[in-house]
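Labels run A, B and C following the written order; every chain starts at residue 1.
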Amino acid sequence: MADFLVFEGVSKHYGEIRAVDSVSLSINKGEIFSLLGPSGCGKTTLLRCCAGFEAPDAGRIILDGRDITGLPPHERKVNTVFQNYALFPHLTIRDNIAFGPRMARWTKGEIDKEVARMLELIQMEDYADRKVTEISGGQKQRVAIARALINRPQVLLLDEPLAALDLKLRQRMLVELDAIHDEVGITFVYVTHDQGEAMGISDRIAAMNRGRIEQIGRPVEIYEAPRSSFVAAFIGDTNFFDGIVTEVMDGPYCRLRIEGFPDVLAWNDKGLLPGNAVHLSLRPEKFKIWRELPEPLPNRNLVQGTVEDVIYLGSHTKYWVRVEDYRLGLHQQHSRYLLDTRPITWGEKVWLSWFADDSCMLERYKAEDENLLVLPDTEAEPARA
Amino acid sequence: MKRSRVPFYTTLAVLVFFYLPLIILSVNSFNDSRYGGPWNGFTVRWYVRLFQDRQIWHALQNTLVIAVGATVVSMVVGTMAAFALNRYRSRLQMTHYGMIYAPLIVPDILMGMSLLLFFVALNVKLGLFTIFLAHVTFCVSYVAMVVLSRLQDFDFSLMEAAQDLGASHWTAFRRVMLPLIMPGIAAGGLLAFTLSLDDFVVTFFVAGPGSTTLPIHIYSMMKHGAPAVINALSVILLLVTFVLVSASRTIREKLS
Amino acid sequence: MTTVAKKKWHEWLITGPSFIWLLIFFIIPTMIVFAITFKPSTPFGGIGDGWTLNTLFSLRNPNYPAIIWRTVWLSVVSTAICLLLAVPCGYCIARAPKRSRDILLLLVIIPFWTNFLIRIFAWKVLLHPEGMLKQALVFLHLCSPDATLLYNPVTVLLVIIYTYLPFAILPVYAAAEKFDYSLIEAARDLGASHFRAFRRIFLPGISRGVWTAVLMVFIPALGSYVIPDIVGGPGSEMIGNKIAQRTFVDRNLPHASALAALLTLAVMVPLMITLVHHYRQPPVAPKKGKEAAQ
């Protein structure tokens, strides 16, 4: 069901700061929807407006056809998993989980039955009578989820639920969270600053920046077809180019002139005309690196450069290659046994190739978004001279 | 790395300094000599006399009545003050904080003196009631400070969590916040109780005829005769202190 | 009612009781002290009509400078000695292994909670002219049989230190316990001597505790009354004794008020210095502070 949870022009200001700036979005029933963005982008404020901890200055929040904007937290069929879990330290695991049902005055039999079912769902039957201080971080996380889910909310809000866990545990919890979602089938709204988590778990993602939504889409859309330089740079790594269309080819391609770089062929999905300015994003894994000049193909770009930096990461290697004024970052997967080959290394002259279809034209471009890229700059100045 | 031994020896010396007079005092309480001079043989007669002294029992009763009253009132008023200081950031609270803070640092004698003048100016009859008023005045500040420090450690997302799970504001306060800051309120109350039990200077200024408390009684015994009985009383009070302090520490360790 | 008005009303509701209580029983009485300073006294122990500066002039009585001077030096010296002892003690307790730390802390806290009249009285017993200490000292030929250990300013100093030392140790300990000792190792690694690492790294690191300790010793020492009254003689009176004497013996309330006002102003000096040092986070100086209560 579409339009299950709808935000209509929601704004929230703190003094001069616009934490959330007229955000509108619609979340479907049963999906995992992520709000992804750097800290301070307004994603947590938006979540807190939905939970009822903050009142928006403008706009409406509609859940299942009902306007919930003005309701206090305890009257919303919405529950939250807090960033630091906010488990009650004076209660046992069982009493923490039973807190919501007791507030709603369920019968004792019903509470016992449901708590037992929840403990089973999170596989913590043996820990029911422990204190909160006696369980590990991952276990606290699971209790926090059970404590929220037992109330049968229409929407479960998760505020950076995995931020306090270490990397390995985070990945395991992500899989578990997905399994729990499959089991209960309710709508999850997931707030995170970690693109990996968002990509891994979400049906759809809203990328947020400075209180506004930059793009909403499935993870693959967000990654492959970012609309703005912010989305391209915040989610994954990329290379930016800015140029001018010199020639529109037959079919969907165009030729670009880029200052300080050879001319390139690009997929012209925006129907640009000669003379139009264009910003291009090209993901590092789209490149192929060659020691010898490969055979030219009609829609394949080919440039020559020098390897400046190499970072070997096991499954793949990151290269930084100087091509005229540009310094390109690229990934090379190792599908073969590496010791049997002679890997390309620092200082070598190499050829880079990529297909014109693999670059993506951006609608909006801001130079400052390049700061979000994690490429190291050995010369301590921007890649473009 | 080699550590200096100076701190260790200083601590040892300080502990000897702390306990030597108390030990001599305890030994002397069994000394069969009226003015605590040379050893005259073992006796428990000072203890017997202590338990027969009706005035001491009366003074103890006064002290306890005042301490209980002052503790209850200052716990309520002080806890409210701490909530106000923690919750609001206003000019009023800055003034309020100053008013709570000042009694903590003003010497007892000034507080006693000013309250005496105040009661005299209003023609209030000095007695148990004026002592009670004075004790509440300094106890409120201590309770407020202890509860405030507990509140500052309180994680307010717990309140949000409770409301998120269906508790109204008041229920969340009662079911989550109160149980969690209760140890702070109890600690503040215990502090207020002990301070009230112990106070001599302020009490001395605002006490009237017939409102003798235990510290005042001890003081007058010290000034006029009967030192051997004070020895015995001191030993008993020392033991009570020791038991209470150890017990409260043990209970706290068990809880945490 | 609007939300703002409701919030304001709620704030007043929970601020009111303590605010009004302290206004009536603390602020107004303190102002009365200052007011009565400028009132004439009557021969019958009452307060006369009109206003006068006579009381202030009478403070020039040659007795007073000596008493004020004695009060100040006793307070300064006792504070200094307390700090000198409290810093190594606090450090030692904070650095001790868990079990011994608990025991040491208990040993410091017990005197802290013990009735202070009894702790003063213990010294009177110890220093009694026929007491064990005196006999031991005479036996060892460390003092003459006629020497009196009691009733002089040095005894007062000793007992002030004894009384307030726990109040100095506990805040220093609380700060020393939170101190990150790898900083000292870092300083030593960078070439600082033991002493320099202590002075340049440790002391600044625990400064909040040290300032609290200063307040907790210096201010009550300035207001000492019972200690000189019990173990001091006529030559070791402090301002507190004069206030009590003017109040209870001479029934000269304006005179007592003038002295109390003077003492209040004297207390303000160290307090302001500390507040300037710790703007926004004034150290709490409870006589039996939260360190012990919790």
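In this section, contacts are C-beta pairs under 8 Å (C-beta built on N, C-alpha and C of every residue); 3 or more make two chains touch, one makes a residue touch a chain.
Just so it is clear, the structure is predicted and the values come from calculations on it, not from any experiment.
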Pairwise touch network: line, ring, star, complete, or other: line
Chain pair whose interface holds the most contacting C-beta pairs: B-C
Intercentroid distance (Cα basis), subunit C paired with subunit B, Å: 16
Interchain centroid distance [CA atoms averaged], subunit A/subunit C, Å: 59
Where subunit A and subunit B are represented by their mean Cα positions, the distance between them in whole Å: 57
Footprint of subunit B on subunit C - complex, ascending: 11-12, 14-15, 17-19, 21-23, 25-30, 32-33, 36, 85, 88-89, 91-93, 95, 102, 104, 106-111, 113-119, 121-126, 128, 130-133, 135, 162, 165-166, 169, 185, 188, 194, 215, 219-220, 222-223, 225-226, 230, 240, 243-244, 247, 253, 256-257, 260, 263-264, 267, 271, 282, 284-290, 293-294
Subunit B to subunit A touching residues, read off their complex: 155, 157-158, 160-169, 171, 175-176, 179-180
Subunit B - residues contacting subunit C, complex: 1, 3-4, 6-8, 10-11, 14-15, 17-22, 24-25, 28, 35-39, 76-78, 80-81, 83-84, 87-88, 90, 92-93, 96, 99-111, 113-118, 120-121, 133-134, 136-137, 140-142, 144-146, 149-150, 184, 187-188, 190-191, 194-195, 197-198, 200-201, 205, 215, 218-219, 222, 227, 230-231, 234, 237-238, 241-242, 244-246, 249, 252
Subunit A residues touching subunit B - in the complex, by the definition given at the top: 51-53, 72-74, 78-80, 82-84, 86-90, 99-100, 103-104, 147-148, 151
